[in-house]
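Next up: the structures, one after another.
The same chain A turns up in both complexes below, where it pairs with chain B and then with chain C.
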Partner chain A sequence: MSAVITEQSQSDTTPVPEGATGIREGAFGHATGLSCRECGHGVELGPFYACPECFGPLEIAYDFPAITREEIEAGPANIWRYKALLPVPTDIEQSPNMEPGFTRLLKAHNLGRELGIDNLWVKDDSTNPTNSFKDRVVACALSAATEFGSKVFACPSTGNLANAVAAAGARAGIKTVVFIPSNLETPKQVNSAVFTESLVAVNGNYDDVNKLASEIAGEEEGWAFVNVNVRPYYAEGSKTLGYEIAEQLGWRLPDQVVIPVASGSQLTKVHKAFQELVKLGLVEDKPYKVFGAQAGGCSPVSAAYKAGVDAIRPVKPDTIAKSLAIGNPADGIYVLDICRETGGAVEDITDDEVREGIVLLARTEGIFTETAGGTTVGVLKKLVETGQLDTTLETVVINTGHGLKTLDAVSGIVGPTATIEPSYAAFVAAGIA
Partner chain B sequence: MSAVITEQSQSDTTPVPEGATGIREGAFGHATGLSCRECGHGVELGPFYACPECFGPLEIAYDFPAITREEIEAGPANIWRYKALLPVPTDIEQSPNMEPGFTRLLKAHNLGRELGIDNLWVKDDSTNPTNSFKDRVVACALSAATEFGSKVFACPSTGNLANAVAAAGARAGIKTVVFIPSNLETPKQVNSAVFTESLVAVNGNYDDVNKLASEIAGEEEGWAFVNVNVRPYYAEGSKTLGYEIAEQLGWRLPDQVVIPVASGSQLTKVHKAFQELVKLGLVEDKPYKVFGAQAGGCSPVSAAYKAGVDAIRPVKPDTIAKSLAIGNPADGIYVLDICRETGGAVEDITDDEVREGIVLLARTEGIFTETAGGTTVGVLKKLVETGQLDTTLETVVINTGHGLKTLDAVSGIVGPTATIEPSYAAFVAAGIA
Partner chain C sequence: MSVSVRVPTILRTYTGGKSEVSASGATLAEVLDDLEASYAGIKARILDDKGALRRFVNVYVGNEDVRFLENLDTPTPDGTQVSVIPAVAGG
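Showing the complex of A and B:
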C-alpha cells in the first residue's frame, strides 16, 4: 500500500468498478469509486486520498440502492444499521468491530431553558465504546484497511483517535501502532497503551508526529494510517451522526445544528448525510442551518467566516480544547461554504467559556463532556446571545467526547461545596438540608 | 420520608395496593407492594427497605402482565424497554432521565481463544451514560424518589454511584447531595462535582460517610438516599442486565454467567431476571450456572463459599478494586445460595491478577474496564484454570464499569513500547515495522 497514488483511473469520468485491483466483490458495499471533491476526477477504490490531477481530497462515490426507513430500523443498534450508505461490505457485522454509534439523542429541557431555546437536543457521542465520535470513523477505516489487506492499523494522535484506533485494532486482531508525542501526560498514554503493545512515543510535538506518520505511510507497504491513506473511508463514518440525528428525531431534519470544527470533516459529513437522506426520500427536504464551533485559541475557520473571506489562514493552536486544535483545517473551506449557504455561522469562544460550557452541560443535562463539547455548548450560548441562532427553531448540538479524558480542564473550577465532620450535628450546622 | 418503617402493612400476606399512601395510580407500574425476602411479610409501597417484622430486606412484589418479545423489542434502546417489569410508571420515558442501558453484548472471540472458552460474550456496561451499571439502578431510584415527592436525591459514595446520582439528579432537575470522604483524590471528586452544586466532603473514611448518610435518612424528611431508603426500587434496576443478556442472545439464557460481587445485589438480580423471563414465557427454561467474582483483598463471599459455610464473616477491605470493596455484603448469603444451587462458584484473585485482567480484556476486545471488570475477567480466567467453568458452554462475563475511572491501577504496567526521534530512519532503526 502506498500513500502516493501510483495508478491512474482508467477514465476521468467513470470510476473503475470495484474489484478491479483485487478487491473482493462487495468489499465496499455500494461505493463505486473515489471522486475528487475539487475537480470531480474519478479514481478507483483503493488506499488513495489525494486527486492525481489536482491534489484535491478524494471522497467516496456511490450508487445507492433504494432503501426504506423500515429496513434501517430493522438493523442493529449501532452504525451498521446504515451500512448500505457506507463504504463497507454487507456482512460488516460479522467482522469483530467496536459496534459504535446509535448513541443517545437527548431532549435538553434544562439546557434549553437556561439558554432560552424552545426545542433543544443533545446528540451525545461520549457514550461510544472509547467515548468519542472517533469510534465511528475508525470503524469505517478498519473495514477499509481489512479489505485492502493491510497488515498494520495506525495513527498519529494525542487523544481520542489513538484510543479508538488502539481499541478497534485490538478487537479486530490486527496489529496496531499508535504514535504519540513523548511528553504526553501519563493518563493519556495509559488510555491507549492499555489496548496496544505498540505505543510509540516520538520526541517532538504533534506536528512532528503527524509528519512522521505521513512519511511512514508513503514508505511502508501495508500500513493503513486511518487519517492519512484510508481517510476517504474513515471520514464517511461521520455521516452516521447525521443519519442518527434524523432518524432519532422521527425521520426529520432539525432546523439548526451546532457542530465542533477541528479539521471540519465532521461538519461537512453531517451536512452530506442530511443531503443523502433527502435524495433517498428518507426525510423531507427542508431548509436547515449549520453552525460551526471553535475555541478562540484555534479559530481559523471562525476568523475567516467573520472576515467574510474564503481563504483559511493557518494558526498555531493555543487552547485547552486540544481535540479541536488543528491550526490548518483540511475541510475548513467546505465548512465556510456550508455554514454560509445554509444561513448558519461559525463562532468561537475563550478557554474560560469552554470550561463554563462543560459545567453548564453537566449541571443541566448530566452529561460530562470534554473540552470539544464545552466549546460547542459555549458557542451555542454565544450564538443565542449574539442573535445568530433562532431560539424558536428546533436545534441539535453535538457532544463529541467525554470529560473523563480532559478532567484537568475543570478541576480548578468545581469541587466540594462543603467539608464537614462525620456527624449529623455537623451536617445540620452546615445548612445543607 | 423516614428511613424507619413507621407504618405497618394492613396484612401480613397481602401487600397493600398501590396508591394507598397518596401515591398516584400506576406510579410503580405493576408493582403491588414490598415483600420481605426473609419472612415474606408484606408492606405497602413506600420509601421502606427493612421488614418491620424481622428486619430482613424488602423486595418489590409484582403482578406482571402478559408481555411479548415483540412488545419489548418495539421499546426504546434503553432499560425502559423493560418498564413493564420494573417498579416505574408506564410514562417513565417522559420524565427527563439518563436513558441508560441496552449496552453492547459483544462476542468475545479473542478473549475466548485466549482463555480456551468456545463461546464467550462480554456484556459491556462501561458505555452507560456515566460509564457504569449504576446508571441502571439510579434511574429506578430516581423514579421512586420522584413518585414519593422527595426533595433531595442523595447518596454516600466514592465513585460510580456518586457519578450516576449527581448526573441523573442534574438532568431530572432535582436537588442532589453527594457525600464523599474528604481525602478522595481530586479526579474522582471532579467526576461528581461537575454535575452538582452540593458535593459534601466528610472528614472520615467511607464507613463514616455511609453511617452519616443512614443517620440523615432517618432524621430528614424528603431525602431519598438511593442505596438506603429507596434501595428496593434501586436494586431492581440491575435486573435489566439479565433481561438484556437474554434478549441480545436471541431470547435465550446463557449456560454460564460470571458477575462481580460487591454487596451481591447485582448477581441476585440477574438471576431473578432470568427466572422472571422463564416465568413470563419469554425464554425457555434451562439450567444455567452463576459465578461470583471478588478481589482477594475483599472476598468474604468467596471465603464462605470455599469454606462450605452459610455465614459471611465481614472483612476489612484492602484491594485496588474499590468499587467491589464492601466488607460486609448485604446480599452475600443470597449470592452463596444462587451460586451453589445453580452449580456455579465464587472465586477471588489477587490485585496483580486484577490488573492483568484489565489489560487482557483491553488487548483482546478493545474494552477498557475498571478494576471491578479486571476482577471479573481475572476470575473468569481462574475459573477456567481450576476447572470450575465448563469451557464448552456458552458463557457471559459482565463488565460493570470504565477504566478511565481507575487509571492508576494500570499506569504502572502499560506504557510506550518504544521512544524514538521524529524521523523515518529512527522508526526503521527501532524495528517497529
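Showing the complex of A and C:
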C-alpha cells in the first residue's frame, strides 16, 4: 500500500535548474518532488523554493509507504522516529545532528483551572537542544544542505533560528553564517555568537534581514539558507510537533490547538501533520480547531482574520515579541484558511498581556517561556474570555521557546519582593511567612 | 529615468542569465513595461491577470517594499535600485 499525499501530478515538471543534479538515491526519503502550493506546478527535488510559474511557495510531495504506530514507537526519542514522513534519508540518525524533538507534553492542571479549561496540555518545546522549536526545522534543513553539498549553512533570523542554525552547524562541522536584526535581545545574540564565527547584525528589522538573505541566496553558490532556498525541506520539520502531540495523546488528535504565528509556517505544518496522520490511518479522523496567536504590535494575520479579508497587509513590527515580529508573513494566507476552515480563530494581545502570559505560565506550571509563548498563553486567555475557545474541549497550547532568551521582557515586572537584613526579625517584619 | 533592476534566479531565463538589468520609467509600472519590451514575458511573471503584483512577489524600490509605498505607482527616480524577490516565510 502507498499513500500519495500530493494534490498535483508531477508530470508537469520543469527543467531542472543547475545544481539539482548529483542527488544520491534516497537522499530525501519518500519525497518525490516539489509542488507549488498555489498553482500545483511541479519541480524536481533541489535547492528551490519559489515556483517558476507564479512565485508561490514550493512544498514537498511524497509517496508515503504504509507505516504503523509500532514502527514509529520503536524509533528514537527524537524527531527521527518520524523520518519516514520527512524529506530525509533512512540513515539520517548516522549524521551528526542535534537530535531534537520528542519534547514533553505536560498536563496543565493549574493553568487550566486558572483559565477555566477542563482539559489543557502544554507542548513544551523550550526543552529542545537550543531551547526552541527551531531545532526541529533546522535538523531537516541540515539534512537537505548536506545532501545538496552546500558549503555554508545560513539563515536570516529573529533569534531562535540563529541559535539553532549556529549550533547545528557546529555539530555537523559546516561553516555557518547567521543574520539577525541589530536590535535583537542580547541573550539571543550571545546564544548564536557562542556557536559561530559569523554572526551578522543587520541595521533593519527582520523583513529587511530576510530580503538581504534572499538576495545573497540568489547570488552565492553553495549557500544553504535554511528558511530561504532550502525552505521546503526546513518547514517540514514543524510537522513533527503535530505528530508528537497526537502520539503523546495516545494516537489521538486534540479538539483545539493554539499556536503562535510569525511567518505562519508552524501552524500550517501542524495542521498538515494532523491531516497526514489521518490519511495514513495512524489516528482517527475527527474535527479539530486551530487557533493562531499574534502580538498586537505585529498582527497582520489577526487583522486580516478580524476584517474578514483574505489579503495580508504587511506591517512594520513594533512588539516585544521579537520572535514573532515578521511584518510580511508569507504563510499568513494559509493560516487564515486553516483557522477559518477548522472553526478556530486568529487573535492578538498587547505587549503587557504578553508579559502577563509569561508570568501566568511560569506561576501555574513552572514553565518559563519566551515572549512567543507569552503571546500564545495570553491569547489562550483572551480566547477563553471572549468565548472563542470551548473550555470543555481538550486543548493543546504550544510553547515554542525558553524564557531565558528574553529576560528583559519580564525583568521589569518580576524581581525581589522584599530586600531585608539577614535576621529572623527582619524576615518576620517583612510579612513573608 | 534609468534604474537598475535585480532579477531573481527564477526570472533569469528571460534576461539571458543576467542578475541585474537596466530599465527606464518614472514609476514602477513604467519600469515593468520597459522590462517587458526588452524581455518579453517577464512582466506576466511579476504581475497577475489583473495587473497587480503577484501575492508571492516582493518588489523593493531602494530598500523599501513597494507595498509600504505606492505599489505600482511608486516613483522610481533616476539611479534607483529596484529588486524583485520571491516572498519567503521567515522565522
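As a working rule, the second predicted complex is superposed on the first by the 397 of 433 C-alpha atoms of A that agree within 3 Å, B and C clash if a C-alpha of one lies under 4 Å from a C-alpha of the other, contacts with A are read in each partner's own complex, and residues count from 1 in each chain.
One rule holds for everything that comes next: contacts are C-beta pairs under 8 Å (C-beta built on N, C-alpha and C of every residue); 3 or more make two chains touch, one makes a residue touch a chain.
Being a predicted model, the structure only gives us computed values, none of them experimental.
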item	value
Contacts of A:V379 with chain B and chain C, given as first, second, both or neither	neither
Per-residue touch tally on chain A - higher for chain B or for chain C	B
Touched partner set for A:L85, first chain B, second chain C, both or neither	neither
Touched partner set for A:N227, first chain B, second chain C, both or neither	second
Partner chain in contact with A:L45 - chain B first, chain C second, else both or neither	neither
Contacts of A:A273 with chain B and chain C, given as first, second, both or neither	neither
Touched partner set for A:A321, first chain B, second chain C, both or neither	neither
Which of chain B and chain C A:P156 touches, first, second, both or neither	second
Contacts of A:V177 with chain B and chain C, given as first, second, both or neither	first
Contacts of A:A295 with chain B and chain C, given as first, second, both or neither	neither
Contact residues common to both interfaces of chain A (with chain B and with chain C)	204, 208, 211, 215, 219
Contact footprint of chain A on chain C as seen in their complex	6, 8-10, 13, 19, 45, 54-58, 60, 63, 65, 67-68, 83, 85-91
Chain A residues touching chain C - in the complex, by the definition given at the top	17, 38, 48-57, 134, 137, 156-158, 160-161, 204, 206-208, 210-211, 214-215, 218-219, 227-228, 231, 235, 262-266, 311, 313-314, 316, 326, 328-331, 333
Chain A-facing residues of chain B, complex	77-78, 96, 98-99, 102, 104, 106-107, 109-110, 124, 127-131, 152, 166-171, 173, 177, 180, 182, 186-187, 189-191, 193-204, 208-209, 211-212, 215-216, 219-220, 223, 358-359, 362-368, 402-405, 407, 410-411, 414-424, 427, 430, 432-433
